[in-house]
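Presented below are the structures under discussion, each in the form of structure tokens.
Here come two complexes built around subunit A, the first alongside subunit B, the second alongside subunit C.
Right, the complex of A and B next:
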């Protein structure tokens, strides 16, 4: 990019600059569009209940307060108990989903990439088939299935469902990674004294870490944010995950907007932190295979 | 180091033979080149020896063990790959140490061996670098080092020089040859470049279409190619092959062309032609054995010059003769022009005669 604009600059500086400024204005607009709701959420969360209802609305509260956060994080308080339980539920469902997704996707993707077995192409297509339909189509069939399996009102129903939705893309993502790792590296390792599994473990796995991290982030975020299935499969309060829990407890029964916003903000923290820390792997995974190295 | 014996080795993919009845013995300490055009089965044969692909039938013996069903790791071999296959996430030191770690050697011994190997290949200063920070020649040396550090029974090399630029290739060619001499290593070396095979190997196995064509020293393969394929594959420029007819009049055997000229044969060559399966004979001659005359000479045949290529110390001339193109080498002072008529004289002791039907070299019976 830089080199292109640098070499073309003398010839067509005006045109390039026009594009660049247009691009910047567009980016600023997109930033406002995506960030403003977050900012409003954060600002509302530090207002008192009264300040949040004021009209015309106040941007910066006269008396900023962390009371909502204290309430939510206080295990002595019933609101705090609920919030912390939902948080824990979400965390355990998401973490288990993530671990299982990686555990299944890694060998599956490796097999699709390396082995030539009958039905390979068909199976790979079948794996991606799920992604052609909106998730909500499967809501009723899956509910019936879960009831038949006796999994309604358990976190297992959610983990299984999230895996069904998350695995196809995870396998597809990882297969791209394995495809890009030269097979000769494994051959070399096997000649150097490794078994096929050791060659995978010591040579292929370390090289596919970015793909595995991307897969993990993708699975975690998917499970963490999911609402519809969690709202359908779970009815008992003590089992709810954050998206459903927050909605039921803070928007239906009360008008505690600062509390709702504080809970929402804390819910988005793990995702944002995770993504910021690991985003370079995520970008790499999505663009892997786009260019030949 | 050890001897390697291939006996009736066969590899098929469906009904296609990738290697068919390949039998050859690589003696202890010998440098053998498997050479042939792409798809000839040379890499397949190497991978069979390595155990990277299973054999269909036949036997492979390394040392005095039959290794047909052994994993690559248990065959006591080391391999240098065309693209080097260095582990990109490991440093040079870790790359060299990997085969030793897999064999569970103690740490101190690994360090000594890696440093020794690095010293031999002059890569000690690179040990902490990652492969991507190395030049092509350095990567090549690290790949050699990773093979060397193990002290294996056999080194297998799959076109190790083909990714290098021309200048570096010549340099690494002599380094690998030196490596072989110093270690007295048994090496099986795959290449499509006949020049590499001729210059480096003790023996060369010429392959084509999955079949072993000829297995001998480069000098013998060059001097006595067994068939037209080997004759045209080995040597640069290639041996010229001219399809002719054998005729015998009054007990004198000659070769006649469609252009009408007649080339009388010596008694020895006449005896070879007598063994042919038909009258179709192919005359083969290397560029350096053909004499070019500017006017008609007794025993010389007329040809028309096609191109003249001065290379500095030698001028190569291509000429049309009986529908074929002949390569002739001349001193740089020679004055020849395209489309000029010239007369070519063959050295009867150094021409090659092939059976036009079977394509096999004709030998005096």
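Right, the complex of A and C next:
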């Protein structure tokens, strides 16, 4: 590509337009593929059970109703009681998991990034490999382990398990962040009399806030959406988290589609809002941590 | 993998003598404190289950979790698996599921990232909408699609009927021929955003000057993509494909919630099959043997995964 031919310019501009139009059409297609199921979920959730099951379908409900939401959010009736309890369980498990994941991942990622201790590489790969193991392999042994620890039917069993599946990516993301923070900054602080820990706390930590936020979102979403361990470790109704609770409830009430869609919608709201608010940190963390080297 | 320090003493004569591993470990003992919490949790939750699963795979187990009464049977569980027809059926399903989901999700995500790279009005909103399926719970996603595929009231079938494309409501997920493709569509819906985010992140590192220089030199849009952008993204692409492949190979919720593996095993993949063997039919020993086989496959995928991830690290560590 050493020759410079300015004469080609108009033709190539026309070609770019072709690509641009192709891109637009493609994006419209992706928008429909992505959004229509979610739109249909919302439309179904504001129908009555009768209106949801009609042919030809009612696109926009003739009589939109919030009855399903009222039922799910009403602490007076048993359905609402259960739903609110599941919601609270999911929230508390996810928040505790997130806090612990950040607390564990920050020092580990820092160490993997800065120190050169023997076995460092092996440990790092061991952490990454955890990502690759399917949950099913661990279910039976973990169930027995949890029984031995007395954690079956407690949220502790879930938090401990979620920590491990969230940690590998968390550590990997954060390590990328620390790799990009020049070590000289810390050295300068230490010359000025700061201890290694102080340098870490006052210099490195503030710079890695976007990475920490990304780690936190990742852990929270992972914990909030997890199904298989929760379905195995928890048997008592009052302990269930949302995904399992909803699955159990609707395996008994198989035709309440508006209710199911309303529950699915409300289960999605917290993670979607959280993600939309903080997505720039997440994308930035991926750029810094995972892509740039 | 401990080459770095583990085997430092022995073969390299040219190097000055280095302190022994134990001494190195002792001098850097404080460093281990930082990784200790992570390692302890990992050991409890990984090492023990792996050991346990391998052990259990050599036993015949009674139903229920009364595992004290297990009987040693050697490799009988393994031979039983490899000689069963279901095994090959499920393996074929898993291959189709993993390959199709991974490739299509990757291509769609890649294309979406490229199309979103140029600034236009509403780009941020569009990007946010495209990411949502990846964020929402897989259980919710499964129910949404299960409802849309419903054999009587599913909207997809009703639209097809209204458009006159079929005269009867098609039965997407109760039909052995259509169930797997239908579920792959759901899976791709959930996963292409991940590829999109990764590639979007990668695109930001493609040097703008290089693209401009190519343009000045008269390279067409395709040539600029193929000779500049594409090679630049090969690292991210490899990692993304591997992560997607592993996630798809390990996926469970979508097939389990929508069909439970049916009809007649048509949508069973390895994980759902193992889960059913263990928790449905309580054949713990066979399920454990399956898990060990799975483990071996995942480990060999893991080899490539680790190589792709550490490729970058080697460069940076240099001399």
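Keep in mind that, in the parts below, the second predicted complex is superposed on the first by the 274 of 293 C-alpha atoms of A that agree within 3 Å, B and C clash if a C-alpha of one lies under 4 Å from a C-alpha of the other, contacts with A are read in each partner's own complex, and residues count from 1 in each chain.
Here is the rule we use: a contact is a pair of C-beta atoms (placed from the backbone, for glycine too) under 8 Å apart; a residue touches a chain by one contact, two chains touch by 3 or more.
Because the structure is a prediction, the values reported are computed rather than measured.
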Clash or fit (per the criteria above) of subunit B with subunit C on subunit A: fit
Touched partner set for A:232, first subunit B, second subunit C, both or neither: second
Touching partner for A:164 - first (subunit B), second (subunit C), both, neither: second
Contacts of A:72 with subunit B and subunit C, given as first, second, both or neither: neither
Subunit B versus subunit C as contact partner of A:207, first or second or both or neither: first
Touched partner set for A:221, first subunit B, second subunit C, both or neither: second
Touching partner for A:246 - first (subunit B), second (subunit C), both, neither: second
Subunit B versus subunit C as contact partner of A:191, first or second or both or neither: first
Touch count on subunit A, higher of subunit B and subunit C: C
Three-chain overlay, closest Cα atoms of subunit B and subunit C, distance in Å: 5
Complex interface listing, subunit C residues touching subunit A: 1-6, 21, 24-25, 28, 31-35, 37-39, 41-42, 44-46, 48-50, 52-53, 56, 65, 67, 108, 111-112, 114-116, 118, 126, 128-133, 135-141, 143-145, 147-148, 150, 152-153, 155, 158, 162, 189, 192, 197-198, 200-202, 204-205, 213-222, 227, 235-236, 239, 243, 246, 249-250, 252-253, 257, 271, 274-275, 278-279, 284, 287-288, 291, 294-295, 298-299, 301-302, 305-306, 309-310, 312-313, 315-316
List of subunit A residues in touch with subunit B within their complex: 182, 184-185, 187-195, 198, 202-203, 206-207
Subunit C contact footprint on subunit A (complex, rising order): 1-6, 8-9, 12, 15-16, 19-20, 23-24, 26-27, 30-31, 33-35, 37-38, 40-41, 44, 52-57, 103-105, 107-108, 110-112, 115-123, 125-145, 160-161, 163-164, 167, 171-172, 179, 221, 224-225, 227-228, 232, 242-243, 246-247, 250, 257, 260-261, 264-265, 267-268, 271-272, 275-276, 279, 282-283, 286-287, 290-293
Of subunit B, residues touching subunit A in the complex: 50, 52, 71-73, 77-79, 81-83, 85, 87-89, 98-99, 102-103, 146, 150
